[in-house]
Amino acid sequence: MSGYFNDLFSGTKSLAVGMGITLKYFFEPVVTLQYPHETLKMTPRFRGHIDLVKDEETGESKCIVCGMCQKACPSGCITVEGEKKEGAKKKTLSSYTLDFTKCSLCGLCVENCKPEAITFSKDYNLAGPSREAYVFDLVKRMKERCSP
Amino acid sequence: MGNYTELLRLLAYLVGIIAFAALNAAYLVWLERKEAAHIQRRIGPKEVGPYGLLQPLADGIKLMTKQLIVPAGADVILFKVAPLLILAPAIASFVTIPFSETLVARNINLGLLMIFAFASLNVMGVLIGGWGSNNKYAVISAARAVSQNVAYEIPMLITAITMVMVAGTMNLNEIVMQQPNIFKWYIFRFTASPLMPVAFLIFFICSLAETNRAPFDMAEAESELVAGAYTEYSGMGFGVFFMGEYANVVIGCSLATILFLGGWQSPFGVPADAHWSLFLFKPGILWFLIKLYLLCFTVIWVRWTYPRTQFYGLLNLSWKYLIPISLFNLLLTGAMLKVFQS
Amino acid sequence: MNSQLLYNSLELYLVIGALLFAIGFYGILSGRTFISMLISSELVLSGASINFMAFNRFLAPDPTVGQIFTLFIMAIAAAEAAIALSIIIAVYRNYKSIDTDEMVELKG
Amino acid sequence: MSHLAQTQTQETFVLNLGPQHPATHGVLRVKLVMDGEYIVHAEPVLGYIHRMHEKMGENRTWAQFMPNTGRLDYLSALSYNFGYAAAVERAAGITVPERAEYIRVITTELNRISSHLLWFGAFVLDLGGFTPLLYAFDDREQILDLLESVTGSRLTYCYFRFGGVYNDIDDNFVPGSLAFIKRLRARMPMYHDLVTKNIILMKRLIGIGPISAEMCRRYGATGPVLRGSGVQFDVRKNEPYSVYPEFNFDIPVYHECDSMARYMVRMDEIEQSMRIIEQACNKLPEGPIMAEKAPKIIKPAPGDYYFSVEAARGSFGVRIVSDGTNTPYRLKLRSPTFSNLSLFAEASQGMLLADALALMGSLDLVIPEIDR
Amino acid sequence: MISADSLTELVFLVLAGITVLGALIATNAKRLIRAVSGLAVCLIGVAGLYYFLHSPFVALMEMLIYVGAVCVTIVFAVMMAEPFPERHAKISPLSGYLSFAVAILVFVGVAGLGVKTAWKAAGSTVNSGALIEVGKSLLTTNSMVFELISIVLLLAIIGSVALARAGREK
């Protein structure tokens, strides 16, 4: 019999405590970010999709078309093409395509890039109307980014 | 001519009641979302209108424009009638609820009984809807709803009978008249029974269970039965179910207000010569709505605090705690009334 | 009191009562399953109740006796339904059928 | 009404729980044979998100498989990174510098806490309480912020490399972790008041869903499920790896074998992980974060290697068979929840539907990990 | 023009119609669930008739007990025991006609008796529908029956629990 009342009172008390906690939080300020109106700044190491880095001296990409990123990529989403201009010693980059639909944002390409020609973009609001919108031409993106 | 005014009066009340029920359903959803959000430290609806106040409108338009899907193998007539079976009795119950001294559609002598009689139709709605939609989750949900309602109708009715014994009438307006100020509210009427607050609690718990509200929402337990009896309903079929649910919550809270919290009476009482404070004390509807919505707030608050009960826990609570205590209270009240009033 | 009105004529109530009774009777005779027979018997009881209430309203000197009788009929009907249904379910568990004609064994 | 056709011969019907169902947390389908609300027989049906991770491993270089490991159990991805990296390191004979090991331990334990917090919320959600989920998310968010600042990602970290970690922790990380632990320590009593001590929850968990130690042994269940059955087994203690032996922490064990025991094990593990992080943060040595002798292209000597770590859900084992080339010959992943789920069929027999779902919640299933 | 009387008349006729219609559905529906729904409709109609007979209390009790309890119990039983797939309630034509004829006969007999008899109205005793009188009568004149009914209900509860348990254990 004492167990019965004990159950009753401890149970009621536990319920009341719960109500108290939620009421306390009811009056506390909200912690959420009002997303479309406010946005977060991404941390410096944020791994978005990749972008080409511009060489400040030449105004061109730092890429030496070694193809290491292409080889390192587990999903095969990078296609690098270069051409050897006449008179030049090294190949220069002609196109750098990222198929973002396959990319898993692992960062192995950036890690394997010797000349640090690629970096992570800070874009995270990626939305597009079609699959094709996710095949990025990174050379074009680099040019757009640099010409304000 | 008297006939016509009577007819018009009836019509006006009918329209008023339906509008009240619909508005309540819409804005209780808003309140529920807002309150849940703030309990969880979010903001909740805020885009449509100031503070998201037009959100229910947007929701309503969305529900109305959605296609009504009748699942294959369903019993079409029963499937379509079921939502109405939940809403119609609730609206009918509003007829006898006194919003203020004069604002009551039909001041029926058996008002309390009438509400219980109509509330008992509710189960039929869930049952038929669940059975008619040819879905196993819905059938399980219907079975749960019935056992739950049967189990909780008993303590609820016993408590209601206790209140009728104390009040000596089933006319809701007269019950309110007997509680002119806060000390005479039945919840604090210790001369009738020292267990009155407990009786209020029991009544409140039972009305939660009767209206399938959390933590007793086992009939629509979303993590177990998807949406229970409402699984197959889309668009306005679901909307009407929803309106009925909220209308029932309002009825339950109104009844608790009337039986225990003095209905439309001001907690301070109305002094006989209080002209200056007419606005503060007199408008009964204001007090009624304040009490009503405070109870609704509590209902929602409870929902967002507790996990769902399990079936045996529910029946245990009813049979081991609520029924014995309410029976004891009935006996005690009877004895106390005999001692103090004769 | 306007006795010309339909709802004030005893005969109409009696006819409705008789109709319910007859429909229920037909249902009991033609019903195939226990449950449909139970439903029909509820109709029969309702028909009888209407008669009681009508007589109570129009003829009886004591205004309560008919009402009380109807209340008793309700209580009996509820008890009957509970018992009948538990029998049905028990039978169903044993024989997996609620069809009356298949209950040959029960004829014993 | 053909769905109840079986009633003619049997009083049972088949209820299809999933593949889309709010309680299965992913695309798991459970075929339940029910008698009313009682479960007569349960049969988990897998494979709805099978992605052939093991086969993918055989077609990639050792390093390229690393991102996949984070996608097995996306809630505690670092444990899986850890298991795979350590297995390959064992095969290739690479020793990891101490600082890197410490960083691994800190991040993994943070990840374990975040996983348990999410489980806590989801479990209470299964039981019908919505609010604790968002409180838990609030705390979990702090961990994700910390981990994001270090690894650059919030869920699929892919942070470990053979021989160390991808990059060093930033200056804010250690104070941030300690501050977070302080915050969570203050929040834990709230969780216990709101949820653990709640009478409704206690009634739903105590004595429900018993799983005996013997049953765990038969199915190979590990982790909190096993520890909730009274067996003191934790890979971190029983087969110590990395720098775990240097820390002072307990293994919570409960002998009740019910859902409440599993719940309590996880709640206590959060406390223990906090202890480990505290100690590791205080003892964090300076030094390199990558092994200097780590080869650029990994080619482990031919052989058969196994390594297991304690992930948030149990013992995660990686078995690799190398033929000396730059791709694995065979890669076998032993995922803990697969065993934990296997036992659901037997454990749920004769239970009520709602209780079975509480049991399922207490097993802490992550479906992609089961399907691999 | 509508008068209040004719409106009431209309409501009455609708209720009577509902009653009969519900009864017909209850006996003729092919599916049991519809039969029960028909019964519920019929009983709501009956409750309305009671209201017209100046007994709102009995009318409300009718709804509370019959619709809210008896019908729900029957639906519950249907859910547990209905044969699936439902077989049509086939009935041999002969016995169908026979029961129909018998039912007609019963109706004609009873209704004829009701209409033909010159009922002697007890003029002054119009039922006031007062609840107090019903209560008093229950505790004085009819107290014996009141006690008996409680025993019947108790027995019914015990009996049905016993029956249901026995079935379960098998």
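Letters A, B, C, D and E mark the chains as written, and numbering starts fresh at 1 in each.
Just so it is clear, a contact is a pair of C-beta atoms (placed from the backbone, for glycine too) under 8 Å apart; a residue touches a chain by one contact, two chains touch by 3 or more.
In this text, all values refer to a predicted model and were calculated from it rather than measured experimentally.
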| item | value |
| --- | --- |
| Chains in simultaneous contact with subunit A and subunit B | D |
| Farthest chain relative to subunit C (centres taken as mean CA coordinates) | A |
| Centrality ranking, top chain (CA atoms only) | B |
| Best-connected chain pair, where connection means C-beta pairs in contact | C-E |
| Distance from the mean Cα position of subunit E to that of subunit B, given in whole angstrom | 28 |
| Centre-of-Cα separation between subunit D and subunit A, whole angstrom | 25 |
| Distance from the mean Cα position of subunit E to that of subunit C, given in whole angstrom | 5 |
| Inter-centroid spacing, subunit C versus subunit B (mean Cα positions, whole Å) | 33 |
| Junction residues of subunit D, two or more chains touched | 1-2, 7-8, 131, 135, 138, 194, 198, 200 |
| Sites on subunit C at which at least two other chains make contact | 93 |
| Set of subunit B residues in contact with two or more other chains | 39-42, 143, 304-306 |
| Subunit B contact footprint on subunit A (complex, rising order) | 4, 8, 15, 18-19, 21-23, 25-32, 34 |
| Footprint of subunit B on subunit D - complex, ascending | 1-3, 13, 15-16, 21-23, 36-37, 124-131, 134-135, 138, 194-195, 198, 200-201, 203-204, 352-355, 357-358 |
| Complex contacts: residues of subunit A adjacent to subunit D | 7, 10-12, 14-15, 17-18, 21-22, 25, 31, 43-47, 72-74, 104-108, 111, 120 |
| Complex interface listing, subunit E residues touching subunit B | 3-4, 7, 31, 33-34, 37, 40, 56-57, 60-61, 63-64, 67-69, 71-72, 75-76, 78-79, 131 |
| Residue ranges of subunit B touching subunit A (in the complex, touch as defined) | 35, 37-43, 46, 301-302, 304-306, 320-321 |
